[in-house]
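One structure, pasted below without further comment.
Lettered A, B, C and D in written order, each chain numbered from 1.
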Amino acid sequence: MNPVTQLVIANRILAHEEVVDAYGHVSVRTEAGFLLSHSKAPSSVGAEDILEFDLSAQPKTQERRPLYLERFIHAAIYEARPDVMAVVHAHAEDVLPFTIADVALRPVIHSGAFIGAEVPLWDIAATFGERTDLLVRNMDQARDLAKSLGRNNVALMRGHGFAAAARSLIDVVRMSVYLPRNARAQRRAMQMGKLKPLSRGEIEARTSGYKPDSPETQRAWRYWAERAGCAHLLKP
Amino acid sequence: MNPVTQLVIANRILAHEEVVDAYGHVSVRTEAGFLLSHSKAPSSVGAEDILEFDLSAQPKTQERRPLYLERFIHAAIYEARPDVMAVVHAHAEDVLPFTIADVALRPVIHSGAFIGAEVPLWDIAATFGERTDLLVRNMDQARDLAKSLGRNNVALMRGHGFAAAARSLIDVVRMSVYLPRNARAQRRAMQMGKLKPLSRGEIEARTSGYKPDSPETQRAWRYWAERAGCAHLLKP
Amino acid sequence: MNPVTQLVIANRILAHEEVVDAYGHVSVRTEAGFLLSHSKAPSSVGAEDILEFDLSAQPKTQERRPLYLERFIHAAIYEARPDVMAVVHAHAEDVLPFTIADVALRPVIHSGAFIGAEVPLWDIAATFGERTDLLVRNMDQARDLAKSLGRNNVALMRGHGFAAAARSLIDVVRMSVYLPRNARAQRRAMQMGKLKPLSRGEIEARTSGYKPDSPETQRAWRYWAERAGCAHLLKP
Amino acid sequence: MNPVTQLVIANRILAHEEVVDAYGHVSVRTEAGFLLSHSKAPSSVGAEDILEFDLSAQPKTQERRPLYLERFIHAAIYEARPDVMAVVHAHAEDVLPFTIADVALRPVIHSGAFIGAEVPLWDIAATFGERTDLLVRNMDQARDLAKSLGRNNVALMRGHGFAAAARSLIDVVRMSVYLPRNARAQRRAMQMGKLKPLSRGEIEARTSGYKPDSPETQRAWRYWAERAGCAHLLKP
């Protein structure tokens, strides 16, 4: 399927599922860079808004429309991780408490397994000091974030949000939708008693068994697209 | 009323009330098996999607469309429990904390009485080890879950969701809608003080007095169908 | 304004603001009894559904449609409290934790002042034992609840919900809408630190200054009616 | 852009984002006073509802429609703070717990930085005693609130809500939308562990770098207007 259309659907799904609001963005890798919208709320992104960027986060063709300030996040993750085909950066509200409390986010529900056994917390102040505006405004900052992400699937960003990286666009959308749900389940369980997270074996079994073109995943993709009002963009 | 139409309404209600999302399913017993949709999000299930399965979870007629991976849950519960006429499996979010914290879910509100005095927690790892993907993928796993369910109405599934079983389709839908509400009330009460659950006598009085064709239950069924936009499928 | 139309609006508002779902009801006093719908979800109640009941909760004209099981709540409160002109019984979810935890609900926000300084908790088991289904099914039970309510505006009902009584229909709707909000504010404040409720003087100042026909209250009534899709029923 | 149209958009956004309900209001400064609606729910405010007030909160032209009781809040803040161009007063629900618990609200997420390092809590009872109805009904009370606000951007009002003041209408709307989100993040983080708020340097970096006409802010303004159904009022 046309990657531009897929990316439009991804934008709409993330907006409708409240992973992003006016802020947050999703990209997909191309041969020499990545596709990403210009500076626009994901709920309104259409095919005409999608641009191609190179791995230093510069648009490949001249562009007069404003660009996302934090597009460097995408560039640095693609640069560091040849296995990654799609990236989301967002501020989903239920993830935020885990970025400001001294407690580790863990996969605790089966649909949250894809965040992986470790979810590092990147604090921009550790390298860039206490006077940033918390935004990832250049390749230096983005590479520091990518380094913190390492081989993991998700990095939390202190007081800000998260970056998620996956093998496909559908993977990264799915992970981003279930990440806040996993966060809520963990927080609520911790209010009541001792928490039992998924075991390492379970995380591996789920991750290794996951295929973006399986009927189960396609079912979710279609479901989310229908909710977001863009099912007409799906291939027939 | 036509059981296929009833099952379509049940699918739509469970979707609209957020008991299920792209995942989760509901079935109703037939003479020699049960009715269940093929692999489709419950919000979109129509009469043409409903198939009949036998008690080993195989479709009774040749079927090329993909099937729910976890349809075995339904088969094993019908096999073990001749009194059960309808089954729901779902991942309703507010139930999840009780599947991963060391605290027992209890009926605490009158509309939650139907979950019964005991709600066992089934951990797939207890029998099948720490390397499953948590899904119930065959009759062995499903029978283990059914054994854990025993004579109860609901079994929680660790890090995954729940299975609910009842005497009628309306019963199981009602129980599934009020189960998350009961879970929220219990969690919130526990945050504030000592919890007073329903007494055994109250649970029995409510359960024994419950009739799916009572005006009170029909009122809820119609109300949910109206909210779900499928009231036109109700019998006049 | 026509009291039947007003009561229809009240039903729709309480449904849309999620004070009631398929269950819960609202009534308004007449010269010799009170107006209340037959057994119907409040979201669908129209003028043709409103019946007049006497103070023993019997319909004043022959009626073949089923009646609310718990209509006795209204009768007993009108009987005990000549000052009360309108009654709500509901199961609003955020009130439930206060009915099952050993913590007193207090007015903590200015819009919650109307619940009054004391909110008694009625436990049906105290008088009627541990084998009821928690429903108020006759005048005896309802009178016991009314006795617990006393001179207060709201009585909580253990594991079940609440009954609210006020000087006018608009008062009781307003109180029922803000009661869950007050409950949420109290619960959340208690999670973080020591709670400062309203003082007795503040509660009295708000209650004594309140007029259902003030521009402020009419503004809320119109706002809720617009949200509920029934603003066309308001007087021009 | 026409300040009346801008203020209509602000009203609609604050209503749709649930910062205000039937109550709460937003104003913008004029040369000799400020613009504010007459007593109307912000969700319904149109250009014909906007009046100009002087700095004693009296309408500049004769007006027969009822006025907001608490319009004095706006007047007193404009009087005390020449730098302030727009004011919001609201009861947003997730802010309320911080007005009744003995815990300080802090900026903890980057979008919450604009509330500033200190968020004072004004208790009307401190100056006006324990028998007020908590409303700010005259200039004396409003000046006391403005004094508590001081040079800060937000003052909490005990058991009531908040007042927010900013350099532009877009600033104050943005701050009012993210204030409840910041409050939720802080409350939820505190439930799980030790809280790490933004540093003073980060708060200053964000505040000083903020421009209401930046593409990022205009993106949010458009996004909120689209959600509120009033994007047609935006300048082309």
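The rule we apply is simple: a contact is a pair of C-beta atoms (placed from the backbone, for glycine too) under 8 Å apart; a residue touches a chain by one contact, two chains touch by 3 or more.
A quick note: this is a predicted structure, and the numbers were derived from the prediction, not measured.
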For subunit A and subunit C, the contact-path distance works out to 2
Rotating subunit B so its CA atoms sit on subunit C gives an angle in degrees, to the nearest 5, of 90
Per the C-alpha means, the centres of subunit A and subunit B lie apart by a whole-Å value of 32
Taking each chain's centre as the mean of its CA atoms, subunit B sits from subunit D at a distance in Å of 45
Multi-chain contacts in subunit D, i.e. residues touching at least two other chains, fall at 190-191
In the complex, the residues of subunit D that touch subunit C are 21-23, 39-41, 43-44, 66, 69, 91, 93-94, 96-103, 125, 129-135, 158-160, 187, 190-191
Within the complex, subunit C is touched by subunit B residues 108-111, 113, 181, 184-186, 188-202, 204-206, 209, 215-216, 219-220, 222-224, 226
